[in-house]
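Pasting the structures in now, so scroll down.
Each of the next two complexes has subunit A plus one more chain, namely subunit B in the first and subunit C in the second.
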Partner chain A sequence: MLSVRDLTVSLGPETAPVDIVAGVSFELGKGEILGLVGESGCGKSMTSLAVMGLLPQPGPRIRAGRVLLEGCDVTQLQPWQRVVAGHGRMAMIFQEPMTSLNPVRRIGDQIAEAVRVHDRLSGPPAIDRARELLEQVRMPDPAMQLSAYPHQLSGGQRQRVMIAIALACRPQVLIADEPTTALDVTIQVQVLGLLRELCNRLDMAMLFITHDMGVIAQLADRVSVMYAGRIVETAGVEALFGRPRHHYTRGLMDCMPSRNSGARRLPTIAGQPPAPGTVGAGCVFASRCAAVRETCRTAAPPRAEVSQGHDVLCAFPLDGGEPR
Partner chain B sequence: MNGNAVLDVRDLKVSFSVRRAGRKYQVRAVDGVSLSLAEGEVLGIVGESGCGKTTVGRSIVGLVRPDSGTISFKGTDMTGASLRDMRLNIRMVFQDPYASLNPRRTIGDSVAEAGDINGFFTSRAGRSAAIAATLTAVGLDPSFAARYPYELSGGQRQRAGIARTILPSPSIVIADEPVSALDVSVQAQVLNLMMDLREQLRLSMLFISHDLGVIGQISNRVAVMYMGRIVEQAATRTVLDDPRHPYTRSLVAAIPKPDPSKRILGAIETGEPPSLFKRPRGCAYAPRCPIASDRCQVDVPELRSAGTDGRAIACHNV
Partner chain C sequence: MWSYALKRAGTTAVTLLAASIIIFAFIHIVPGDPIYVLLGDTATPDQIDALRHQLGLDQPIILQYLTWIGHVLEGNLGRSIFFQAPVLSVIADGAETSALLATMTMIWVTLIGVPIGMIAAVRHGTWLDQGLSGAAMLMASIPTFWVGLYLILIFAAWLGWFPSSGYPSIFEGGLVNLRYLVLPSLALAAPNAALILRLTRASMLDVSREDYVRTARAKGIRPWQVVVRHILRNALLAVVSAFGFTFAALLSEAVVTETVFALPGIGRLVVQSILRRDYPVIQGVILVIVVVYLLINLIVDLSYRLLDPRVELQ
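Moving on, here comes the complex of A and B:
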């Protein structure tokens, strides 16, 4: 459905580019949820914006790599060019729905706007379709809510409206960038349940971006862990949480309070991620890795498949024991 | 009242007047909260946005004026007491380390501010030594004293915020979402620091957070708030392992767990809190509650003791 190959996003001059996303590759199948997890600044949002064709201009640019939607290269197309070319069935939702919605327009009109673009409908049929979309996202009392303004809705309801707008293009791929981070947990679990249901029912693939390992574990089918612009580990969700192979993945899991209930101290990962542009020849995680060896500092680690569908960017993966 | 409580809050009520569509409304943010904090204890207050947990913290340090209720520190009522004395004893750590440090003052000046105002320092050398000692205590190099907030990472800023809080040796620290703005790996470092300081300085702490995982890590006891009231209060393990109030149950169930066997398989609809402008007549949780009865629609349940383990619950039906 969606295939991203060696995507590299860079800042700065052509002659001395700084890679903020460096050679990211992943595949996304029908109805599948791929979780992309990492801490602030690891490049997960930049990856999603590059895939959508929404990188801010001027600013970061795609320096190398391809984004294939159903086999068609859409890397260099603007979003409107994708719609015209018939590759517009990809949508995105963001963390803060209030900044994505127009505060002075009724939500019915805002959903109908997307319907107009994608279904070439207008007037009452467009509004009917908008109501139908609100029903799909399980908005209580959808006919009434069409005439509401964003400020009259709760945070969870606003995110449902954003999802309704995203569904207007009948997406094959939905990109969700921290869509529940601003919500309370009892609301978050409802939005996550809705997204899972929509993926199942509409056979829609989803790239779900978050910093929260708990959310990833409960929602994703497969998980990619990002660090300093690179995907350091990809695996099925059970394999990743059951037997993490990268030292960073392991560290992230260990420092979650909910994995340590009752422990007197939480394990931590020493130090901080490297600033973009300061990455040297070796492994990006070498400066913080507890199991670092001499070669890690000088040679880039290989990407190795440690088991079926489980690959890791590390020369000395956990539990694998011996260096290969 | 608890005999050895360092802080005792009785029946605290706070409301704000809000203007909406040309009309003035009184919104009750805190509606009769009582709690006490023993020496060396960490009491966690957990709840979702708008439940009043931050307002409770801000009332205790005098940033918000309560409508009614008493707040006593070591047995003396502080309502109307001098803020200056109180603020050396009861100090606050804020959520956003970007917003709570003055960008135009050095870290050292911000850390020393309470000492400067209260004449703690008799010499420049003494002041510098106190700053250096405090920065060291929070795990920052003393050279940070000369830096400005923009030069620090989020975790370092929150450490500076904590240094500013502990400089005058307070008895009580009110920490309002102190780790919510931090990445998980940094969050763990700051939580460890707070646990260490609590032990070394024998601090009592009110730890306010929306995150039950974080609360579970640091607190001895937990109070769960919903719509301005405490709905359940007990020892931390009791609340997390065996929640009884239906709201606490849904809150515990909703915590994202790093366990793929607990996967979300489809839609879950459990409703949303009512607007603070339209508080239900009876129990505020009744509209969402799976076990609500007729009585819950009209009669507000009081917090009452339930069981022998110090648990208290505000519910008619458990």
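Moving on, here comes the complex of A and C:
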């Protein structure tokens, strides 16, 4: 469905580019939910914007790699160019529902705008479709809300509107960039439930970006862990949480509070991620890795498939022994 | 909406009252005596006293103010000492020129400032943007009278396309007479259009970084639709409020422009009346200008409600 190969996003001049996303590859199958997880600044949002063709300009650019949607090359294409080329069926929702809707235009109008582009409807049928989409995202009283302005809605309702706008594109792939981070926990649960249900019902694939391991564990089928612009581990959700093979993934797991961790101080991963541009030839995680060896600092680690569908970017992965 | 308009009208009235006191006080603090201007150096003390009494200038200043404001409330701005005619009709004579000049200027400001600012924003960072922004900077920094003189030189003296001075009423010569106002309105518009241009550009660049613009792009609508439907309208919120200030600036800049182009407008009337110490006219004109200014700002505030649904008028 969506195939991203060796995607590299860079800042700075052509002659001395600084890679903020370096050689990211992943596959997203029909109806599948892939979680992309990593800490702030690891390049997950840049990856999603690059895939979607929404990189801010002037700014970062795709220096190398390809994005294939249903086998067609859509690299470097902005959404409108994709629509013109007939590959409009990829949509995105964002982190901040409070600022992601135009404050001076009515909700119905903002949804209908997307309907007009993707369904080639206009006038009352477009508004009817907008109302139908609001029903799909379980918006209370959808007919009324069509004429509401964003500031009259709550955060959760606004995120539902954002999802409705995305659905107007009849997406086969939905990119969700931290869609619940800004919401209350109870609302978060509702929105996650809605996204899961929509994926099932519409047979829609989703790239779900978050820094919240708990959310990923509930929602995703497979997970890619990102660190310093690279995907360091990809696995099915159970394999990843059960037997993490990358030292960074393991570190992340250890940092998660669990019900029986009590008042014990949570462990942290010492140090800071390397700043973009300061990455040398070796492994990006070498400076913080507990099991670092001399070769890690000088040679780039290989990408190894440690088991079926479980990739890790590490020269000395953790052993797959006992499940955690 | 209506209760808001009423409340605003109330505050406007208070502002006007304060303005009337300030206008009256200032003029009477300024040295100079209209009696000497009217009678000349050769007047006898008896003549002076008689005229002073006739004009009511021998009364206490508080009483003079109350008499004046009482008449103003009746719609009577008094009689011009110099013209020996009602102030209202003196102002009405200049009002046509000034109103048309201001309207034409604002049309230029809008037609030049907004679209060019838009183009500069859409093409920002390119040579086109730099050229337009540079030209705007130049326009904003050249004094109006200088632009006016150059316009006269090029379009009136060399090319002969437009008349260089004066303005016969459109009620006498028809709309063709508007051509007399083309050059002065362009001169007046230049610095203001430049400001609106820069404001439009900056405001659009700000808005184009907003999250909702990214949402609009994500929908797959075309770039020009993103600009017109999502960026421009939000950017104009800032520009509209600047129109009120621009208008205020126009009123004072018009004084110079009307002098350069010898236009019989209100600006020139103020200057001449000050030289003649014609108190009633000065007071009347300034009061009228304050009223117009307050009205314009009231309209700007009300139009905000139409542009931005978040603004609650209470």
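Here, the second predicted complex is superposed on the first by the 316 of 324 C-alpha atoms of A that agree within 3 Å, B and C clash if a C-alpha of one lies under 4 Å from a C-alpha of the other, contacts with A are read in each partner's own complex, and residues count from 1 in each chain.
Keep this in mind: contacts are C-beta pairs under 8 Å (C-beta built on N, C-alpha and C of every residue); 3 or more make two chains touch, one makes a residue touch a chain.
This one's a predicted model, so the numbers in the text were calculated from it and none came from an experiment.
Asker: In the overlay, answer first, second, both or neither for which of subunit B and subunit C A:Phe241 touches.
Answerer: A:Phe241: touches subunit B, not subunit C.
Asker: Given the touch rule stated above, what does A:Met253 touch, subunit B (first), subunit C (second), both, or neither?
Answerer: Only subunit B; A:Met253 stays clear of subunit C.
Asker: Applying the document's definition of touch, where does A:Arg138 land relative to subunit B and subunit C: first, second, both, or neither?
Answerer: The answer is first: A:Arg138 touches subunit B but not subunit C.
Asker: Touch test for A:Met52: subunit B only (first), subunit C only (second), both, or neither?
Answerer: Touch status of A:Met52: second partner only.
Asker: Between subunit B (first) and subunit C (second), which does A:Asn200 come into contact with in this model arrangement: first, second, both, or neither?
Answerer: first
Asker: In the overlaid three-chain picture, which partner chain does A:Leu318 touch, first (subunit B) or second (subunit C), both, or neither?
Answerer: A:Leu318 contacts neither subunit B nor subunit C.
Asker: In the overlay, answer first, second, both or neither for which of subunit B and subunit C A:Ala91 touches.
Answerer: second
Asker: In the superposed arrangement, does subunit B or subunit C reach more residues of subunit A?
Answerer: B
Asker: Within their complex, state which residues of subunit A touch subunit B.
Answerer: Where subunit A meets subunit B, its residues are 39-40, 138, 154-157, 184-190, 192-194, 196-197, 200, 211-219, 237-238, 241-242, 251-253, 255-269, 272.
Asker: Can you check the complex and tell me which residues of subunit A touch subunit C?
Answerer: Listed in rising order, the residues of subunit A that touch subunit C are 52, 54, 56, 58, 78-80, 82-83, 88, 91-92, 94, 96, 99-105, 113-114, 117-118, 149, 151, 162, 165-166, 168-169.
Asker: Along subunit C, where are the residues that touch subunit A in the complex?
Answerer: Going through subunit C, the ones touching subunit A are 125, 209-212, 214-223, 229-230, 233-234, 237, 307-310.
Asker: Mind pulling up the subunit B residues that touch subunit A in the complex?
Answerer: 48-49, 153, 155, 183-189, 191-192, 195, 210-214, 216-217, 237, 240, 250-251, 253-260, 262-270, 272
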